[in-house]
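Before anything else, here is the set of structures, which you'll find just below.
Each of the next two complexes has chain A plus one other chain: chain B in the first, chain C in the second.
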Partner chain A sequence: MEQRLANAWRMTVNEKKFIETALLSDLRIDGRRPFDYRNLTIRFGREDGSSEVQLGQTHVMGFVTSQLVQPYRDRPNEGTLAIYTELSPMADPSFEAGRPAESAVELGRIIDRGLRESRAVDTESLCVVAGKWVWSLRIDLHILDNGGNLVDAANIAALASLLTFRRPECTLGGEDGQEVIIHAPEAREALPLTVHHLPIAITFAFIGDENTVVIDPSHFEEAVMGGRMTATLNANGDICAVQKAGGEGVIQSVIMQCLRIASVKAVDITRKIEDAVKSNNTERALRKIKRHPPSAVVDVIKAGQKGADNLLEENMEKPKQEIEDTIVSQSDDMDIETRSSNQNESKPRIDKNTSFIGGPSSWDPYSKGVNVDELKASLASRVAALPSEKMDTAPPVEPRVTVTDPPLTSTNAAPSSEENTGAGQQTNKEKTLKDAVKPKHKRKKKT
Partner chain B sequence: MESKPSNSLSSLIDQQVFPGDVVLDLSKMANQTIKLGSGLRQEGDAISVMKAGKLRFAKPNKYWVESSHKRYVPCAGDTVLGIVVDSKADNFLVDIKSPTIAFLPVLAFEGGTRRNIPKFEVGTLLYARVVKANTGMNPELACMDASGKAAEFGPLKDGYMFESSTGLSRMLLNSPTCPLLETLGKKLAFEIAVGLNGRVWVNATSPSIIILVANSIMKSESLSPVQQKIMVDNLLQRVQ
Partner chain C sequence: MEYVSPEGLRLDGRRPMETRQLRAEIGVVSRADGSAVFEMGNTKVIAAVYGPREVQNRSQQINDKALVLCEYSIANFSTGDRMRKPKGDRLSMEISLVIRQTMEECILTHLMPRSQIDIFVQVLQADGGTRSACINAATLALADAGIPMCDLVTSCSAGYLNSTPLLDLNYVEDSAGGPDVIVGILPNLDKVTLLQMDAELQMDTFENVMQLAIEGCKAVANYLREILLEHTKKLESCRGV
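And then the complex of A and B:
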């Protein structure tokens, strides 16, 4: 008991009185006006679906993870969304480890209500096999520092991490066509969630005898306030949830005023979140391109076309993974081309590659130790063998060729048709290529 | 390893020291009466360091280690700001940000007798002095100086109290006065009480002055003296 007395954070009479008197002249202890929001910073982690939000002193980390589960019986074609809050004693000594406190439960509930019951996240798009497999999303919110107004900060963290989260693409396959194949993000670009709108929580505190309204209360103001109200709105001004649990009663006109202010702030915060997410997305794209310079593809494929069977096959085994990554990072146009090749019985791959290459590069790492002339000679004598060998050298596109399901996102599907014309003029190696594809095709499906 | 200082006192003073360092050797000192402040411990003839920080020396014979923390480790003689948590028959329980709660005997006031025990409600802010700080015991406070006078100690009315690190509060108490308070004091009239336990109380006639002073102090945590001066000048210009 003694220990707890010393650890608890407490407030003096002086502070309480000062906060109230200063508010009478529209001043707050951190220098804000009653309707000023604190400084908001949103950062993202390296992994998709992680975010860190700092609202003044308050510091919250959000993390989204997904898992394939069986859906609930009454909603066989909807994914699930669950929110877990973690309030560690490090953030505030008044939080107890273990059993969640009342405040932790309320925090989770408010965010849950705002996000789930306003159907911000499209749960139906999380369905893989109706009644059997759906994605279950889990949002973990870790409170790292409590500087007041945890609800708003945690809500922003949840939204930011949902917006950057990507779930792995999965398709049906296997012998009976019922097996779910989860594709690694390296093989297929992971899919972002469908988020219809952003419900932003805005908290107001009512302080003092006159129930002065302040937005975004700090830790100190929370200790003094007589009541609190959280309104969850989106940028269009739709009210998704209002939470007013106990405390001082508030008259209707004040609530209406709060909602008007909240709708303005919601637009502000929505813009901030979207800007942060956008810059994170471009950064993410840049990061991928940097990691795998596109010249690697050119060289490797060229080497493949020149090479002799045995030697090259050995060499190509190693860089296979590398090429795969690179090609994935080549952004969508590569994607489209492979899709079109799918429609054309996968014949145009090699030509596509050659056209993609442009000018030949003089640097060729894989035929270094080999007499090039000799290779060419042997190459000429084995024209028949060449295409199948090219298959081996260009495996990166191969997993895409196996796509049998319609593409899940409309963005990929749309441009594929216009790409068809380009694919049409591909040359005549189809027979051998097709033969080469088939065994691979089967092998992939089994895995 | 730290070589045994051959009484190279001057070299270690104002230097960073670390737990375990032996900073003084009593057997080699002419004047063996010294006063140890926080962070120092006597083991036989050796004075060793218990926490990381800067070793300080004040004439004639005071030594202590200075560092910046959120927590406060009580040390006899420090002036602190405490919050009354509870009152018992013999003691007020006062929170001074130390690991254990401090006791303030009800008689430790100027002219304190059983008849005139002051009444403090929970949450009263007190300016007090640490009298005893022994390990394993709750620290003991007093609201009078060594000679039994009230000497500014006692409850603080109104104003605003905020928390800082112990390093910041030490900086505010430094003499010569730190540039921050000096610049502020030239333009504004305010009252300030600084506790070594990292609590600062500010009072002025208008709330806006209090807020300005409090925020500029909180912001100056990591600023150099010159930067402090620039910041305060900017602030004052904007306000006026």
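And then the complex of A and C:
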């Protein structure tokens, strides 16, 4: 409260009058109409869970981090979500370093209420061991530039970073089976959060004696406004939170009108966020694909597939169920081959544990199921076509096929020859899924 | 859990559209310029107002209007489990801000330039609806202090449980996790100044719940007016006019 008066930048009477009278003829100083939103840009950092939102002049950075903590006693099976706002003194003359000011607290509370009370983030899925370990999410929102309407920008930044955030997978293990093992994201693909819906905050300002309503006030308009209302809605039109902390009184019908406008804008912004997240996911996946060597291997396999098909017919008498099981435990490297085949059976992907690194996370390589024949074809084709090819291009080629489950190798067409081809990449020994990943990574580090 | 019985009664025996029993007393702190106690059922709040007085911190002085400051605190013994609450936590900071901005709206600050008005509110018993009770108590205390206001500000909460809009939630209903709408109105001008809402609610349901809360505010306003009138009459008789 102190700094609101001490250093707050004050407008001259003329400037105020200008804004107010211009609004009477539906004009705003930045050329917008009263219900136009400013330009929204969402960018993502290289790291998961970081985002940068620019709304006109306003610039907010969001960052999500997670940590394993003990849950609250009254909610033993729910993870926690906390929002921290930081108004950097760099962003506005009225922001001061040190203890968070009232405005920072209110900003955090509005976003917190919108996200938490409407249960947008599934906190129960953040539980690892009930009563013992849950994930605690921390959303840091840094205001880098205050161009007005911090609430909306910060809210979008929080949502964008939540959507791209991935928490490391963890399993129970150890001697007593009670130890929590956190897998590095390289070993097992980190898991995205479950976000049920996106509560979008839309702020309205009431300006002047006539209480003209404008959406998304810039900081000039914030300096002259008599009151402000922030409505948080999701794309379904449900109201998740409303905050109108005092200020100019408005009649009820105006509030309802604002809410209706907000619901339209919320759909708009939801789409923008989702588009940005989707393109980020694709980009993220592409970044990972680049680590694989050029597509030479894939081509070879495709070429060899046809010949191998006949070979595979012989194996058809194998119990189907067994094969399906093995497919599920394939490591990710399989996906490049399986992608080249389209005549798949529709079989849901059961496996969530495979460390799938090769594609965008939203894109499911097994969505149509894996054609067993194709898979075997690719295996067999390696038997047929790879040996000579592989010796030449050996160093950069990563293990394309890693068969881990004993059933498959035992029922395989040519187990012995495959072992040869694999050159240590495939082992017939009893191994778990985890072991399947390891050798690849050792290899990766070397190259 | 069932919050509305088949007979249409709530946990504490009220009807859905009924407020709790209201009680108010003016002039409870002798040294303060204005003070009041306001009770809504088991929620009890005390408010004291000092001012208009000289601005304590010169740098905060505003040249064309009065400076309004508000401090909200909640007593350790006010809730079921006695807990030491850190002073200046985020929740109470937010409530202070909300109360200050709401009261600022009804005070004619431009009549008292270069002065300061302090509002202190403390929750003595918390049983839901503390925010509303604080605003009602502050209104009474401001009126008692004789500070010029354009209208009374009254506040009331409403919720939506078991698909029934409920007026004036108590603690059990409040912590049920359902939507909770807090409204503060200027009853004479018929304008909404404070509006806070949590959790998910459809838009048309929200309109109904908000309407109900506004009705509640008007009921509270009538009661406050009665109390103020009574208090003024008492003062009149004390003077022996």
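The rule is short, and it goes like this: the second predicted complex is superposed on the first by the 285 of 447 C-alpha atoms of A that agree within 3 Å, B and C clash if a C-alpha of one lies under 4 Å from a C-alpha of the other, contacts with A are read in each partner's own complex, and residues count from 1 in each chain.
Operating definition for what follows: a residue touches a chain if its C-beta (ideal position, glycine included) is under 8 Å from a C-beta of that chain, and two chains touch if they have at least 3 such contacts.
Quick caveat: nothing in here was measured; it's all calculated off a predicted structure.
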| item | value |
| --- | --- |
| Room on chain A for both chain B and chain C (clash or fit) | fit |
| Which superposed partner A:Val264 touches (first chain B, second chain C, both, neither) | neither |
| Chain B versus chain C as contact partner of A:Val105, first or second or both or neither | second |
| Comparison of chain B and chain C by chain A residues contacted | C |
| First (chain B), second (chain C), both or neither touched by A:Val250 | second |
| Which of chain B and chain C A:Ser25 touches, first, second, both or neither | first |
| Contacts of A:Arg113 with chain B and chain C, given as first, second, both or neither | second |
| Which of chain B and chain C A:Met11 touches, first, second, both or neither | first |
| Smallest distance from any CA atom of chain C to any CA atom of chain B, in Å, after fitting | 8 |
| Where chain A meets both chain C and chain B, residue numbers | 2, 5-6 |
| Chain B residues within the chain A interface of the complex | 83, 85-86, 93, 95, 98-101, 121, 123-125, 156-162, 201, 207-208, 210-212, 214-215 |
| Sites on chain C touched by chain A in the complex | 57, 59-60, 62, 67, 69, 90-91, 93-94, 96-105, 181, 184-186, 189-203, 206-207, 210-211, 214 |
| Residues on chain A engaged by chain B in the complex (per definition of touch) | 2-3, 5-6, 10-18, 21-22, 25, 27-31 |
| Touch list for chain A against partner chain C, complex | 1-2, 5-6, 102, 105-106, 108-109, 113, 117-119, 227, 229, 234, 237-252, 255-256, 259-260, 263 |
